[in-house]
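By letter and in written order, the chains are A, B, C and D; residue numbering begins at 1 in each of them.
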């Protein structure tokens, strides 16, 4: 499976996933159909999950599917369908003047890509970086116990906040 | 190109075989469940006549139905969002397919023995919500949208008790790997006697009950079938679907029932293990599937028994049951399990 | 002088450190555990019990008191056994959790200081519990009240026994929550819930200081939360002085808010909206001294950080000194009896902080000890009075109560004299020790102390006179003269008077536990007992600093007694005079406002005091509203009122000027210039405000571009 | 696999997300673009974690996923309120803070 020390299958997989992701991301920010945008978001998020699996981060990948696709996107779809149910393209999804946004995005892309290219050159990822769920759990419940607790409190606060904001009267 | 050819081929062969098996299991499972339970058990329980004409005892009825579906015209509603409408059943079916990836039927007879297998199965099951919402929205039909929203609300509400019920088992086994859960039950001891292992239903009966109820809701079948309730919203998100797309939904539903029954038997009934044998023996790769099949049928019988005997709930009763009964109960179960696990 | 003192003490300081143990000392965790259990028990079962859960609370706190007494006994015998050597505090710790390689422990730290506080908290809590069974009888939230009294007691004991700074934070916040809940006990009335919120929010200001201070100390002390280790390292010079100063100042912020020190004290008088027993327990005797306790506990940090040894002023002493004066002067203009006591508490807390600031550690703790008893007595007495007259207003509804309520009157008088500082009552001994401890007496021929804190001595003396005067005013308005209220007041029941008498006995006797060393009337073995058992003996690599003790002085004592007598006497004479005049036909309201209604300067001072130095206006009007409105709105306001106003004003003024010179100079030229200026400036303002589009995405765009430019600069430069 | 292929992909996704945040007027679409940005960051975290063979990257990615879920919940609640008050989720209309 290796050519001159390069993992062929993984690289092909990466190429395919990356192409799909970039396409879906571009469609996500350009489509004028809000539901389609949410579905393109599913594709991007699925791609990210696949990348996680590719890098051996199995647990994070599955969490990505469960939380992002199973919950976040469903929440989006719910929000869209609760507020408007028109099928097809909508008016006024974009600003009329988009050039500043394009420029800003291009600037961001240029500087970040320049930074990573000059910074990391052709650094290789280690071949076998599979991590087990137990390792993740051990890390969370020892080193990162305080952030973990903080996040749980944050979730509670967000839960209450969302209910209070969205409640009628 | 320095391919390590033999291994590479074996890898693809293996993958291909596994894919074919999975692809076969779903229609087979759907047909068996549909035939045995939907046609026969229901007709006995509800004192109706089941189909008797196609084949001996009507055994070929479902095949005939399948052929009928495939022959039908592929209809798109005029104002439907074509892509979304067309993709929705595929997404639902895909979610079903993914469930089988981690379902073990023997020590090595599993498509992909993931380290977090149970977690993966639950994540895969949650994907079907997207498909249902797509179907409901893409059909450009009020009833479909209502059905889709109902289904999504129901699936989300009952995913929590489903996950929480399984966590009791996870705590007891100390792993998310489905095969290791089976092994933990096989190697368990009942009051110091290791003769028959320790199926977790003995301690996790609360979890088992919650799991079955939640599965019932996940399958959107009676008594939790408001999303497709014909008498209220004429079929819900499935209303505009015909032909093979409807068949996809059908297969998805019964395939998911089959898979969840499998997961339930792995979690609570000891999976492919038979008491009295050595769980590491390679023979289990052969007899495991049959053992699993028997257990799946037993659990399915329970699931369908509920389906045929309970009347439909109201939408608010459904949500109340999930949030006020099942989730607190499941949380309590987790707390008790955790405390006992730490103390013992 | 201070160097000499240090030298003397270093010679006295023991070289060896004695390690001790004992069942009560090492199992002190039970003391807070009992009221904590009682909190849950009352919460869950209280309503079903025949006495609504109060019996559970009393039993629990009683058990804690017994245990605290046993602990104290064991500690005393331990110190006796050590024969003057330094005694290691009894520490028990368990690992709570481990995160990031740091062990977070939970445990108890028992030494003389903790033991003294355990006794104070449990004793007063028990008396308040008993008192409350009568005071809040029939209340809708009777059970709830007792549940939170239990929780408060547990939290305070937890805080006192804290082994590390994390535990201190936990206890600190818990008592804050209890205070919030109990101030707002009658939350149906808006002022009460407002007062609760104010107390809570004001305390949050200081809590930030506590968090930051503890974090700084954690890293400065090399990754430990242990109080003993932090102190030891601070005293051994392992932590840099700047770090110590920063953390001491952060912690001081916490002290200022919790212990009602000057400029964050405003919540404490408002906290009197709570039931009176709560005021006695939480806002006089225990919770508000948490700040004092914090300083005393981490004294190594403050001692080194504030350079207490050998200076003449530091932040701690200054804040404390100012607070004593501010509190005492504000107590004069209050008509609400509880508010008088609240300002008095502020003033006395200032005394304690000041004492800690000048290095008189023992005096501060001793004052904390005695003050707890007589102030609790005063509060409970005021509650008894208000129970009888159904009001807290001294001017309108009280007067002449000494005939109707003999028990309340006597105990109140005893406690007032103790607070004013007349011998041989408790307040005299502790206040005098603080005054001597300032070392400022050195200027007048006294000796000792950690430095010449003359300013603090002057403040303390002034406050002593003021205290005597306002307490005289309070006692006079309440118990002397003629009755101005309605109905027939009568003495309260046993469950109120018995606690009052017990506290009155303590208000007399508590001071005798620490008679000054040079006090020749009593045998030498009676003197300085409190200090002997409570103050740790300093030693090498120990958690307590070497403190130079001041020598008590007869002269100082006599001067302070005279000051008190003059202050109290003047006030009494004045009120007696006014009262007689009022009896002869004047109105009762003239009573207090006599001089202020006649002299302009006095009226000004009076208004200033009534408005509480305008601090509340400052906080709500400027600080709160300023921060409540978003920055954009602030900028907009500035735009409208600042820039535009200036422009308009300029235009208008110029216009007016133009009118004045209208006849003499050509009208059109002037007007034209003026108008052009006005219009131009106005236009500039309009243009400027356009930057504030209110569109989030434009802000986001600016943010992204700016951060990219920053990143680019960093990447290209570095 | 190179580390950079992940980093560059993440940078591209991040930039696309930035474009979406700036160019979209519909609040829901802006939120989706923010999700894109967060995911780009997550890819970076996991890639770096794997590069230095540390589990911390994954743990932080998990935290970000959690925080993102909370963010979407509150964000959508705000949008729902906006929609209820103005019958629109157009962010360019929500400019009460205009000076």
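As a working rule, a residue touches a chain if its C-beta (ideal position, glycine included) is under 8 Å from a C-beta of that chain, and two chains touch if they have at least 3 such contacts.
Only a predicted model underlies this, so the values are computations on that prediction, with no experimental measurement involved.
Among the chain pairings, A-D comes first (most C-beta pairs in contact).
Farthest from subunit B in terms of Cα centroid separation is C. The centroid of the Cα atoms in subunit B and the matching centroid in subunit D are 33 Å apart. Centre-to-centre, using mean CA coordinates, subunit A is 8 Å away from subunit D.
Centre to centre, using the average C-alpha position, subunit A and subunit B are separated by 28 Å.
Subunit C and subunit D have Cα centroids lying 47 Å from one another. Shown for subunit A are the residues in touch with two or more other chains, namely 59, 63, 71, 95, 100-101, 104, 108, 112, 143-144.
In subunit B, no position touches at least two other chains. Shown for subunit D are the residues in touch with two or more other chains, namely 18, 22, 92. Interface note: chains touch in the pairs A-B, A-C, A-D, C-D. Listed in rising order, the residues of subunit A touching subunit B in the complex are 1-3, 33, 35-36, 39, 42, 58-59, 62-63, 65-66, 69-71, 73-74, 77-78, 81, 85, 87-88, 132-133.
On the side of subunit D, the complex with subunit A involves touching residues 1-9, 11-20, 22-26, 28-29, 31-33, 35-36, 39, 42-43, 46-47, 49-51, 53, 55-59, 61-63, 65-74, 76-81, 83-84, 89-90, 92.
Subunit C makes touch with subunit A in their complex at residues 97-101, 697, 701, 704-705, 708, 711-712, 715. By the touch criterion given at the top, residues 18, 21-22, 30, 91-92, 94-99 of subunit D touch subunit C in their complex.
Partner subunit D is touched in their complex by these residues of subunit A: 6-7, 10-11, 14, 18, 21-22, 25-26, 28-29, 34, 37-38, 41, 44-45, 48, 51-52, 54-57, 59-60, 63-64, 67-68, 71-72, 75-76, 79-80, 82-83, 90, 92-95, 98, 100-102, 104-106, 108-109, 112-113, 116-117, 120-126, 129, 131, 135-136, 139-140, 143-144, 147-148, 151, 154-155, 157-159, 161-163, 165-166, 168.
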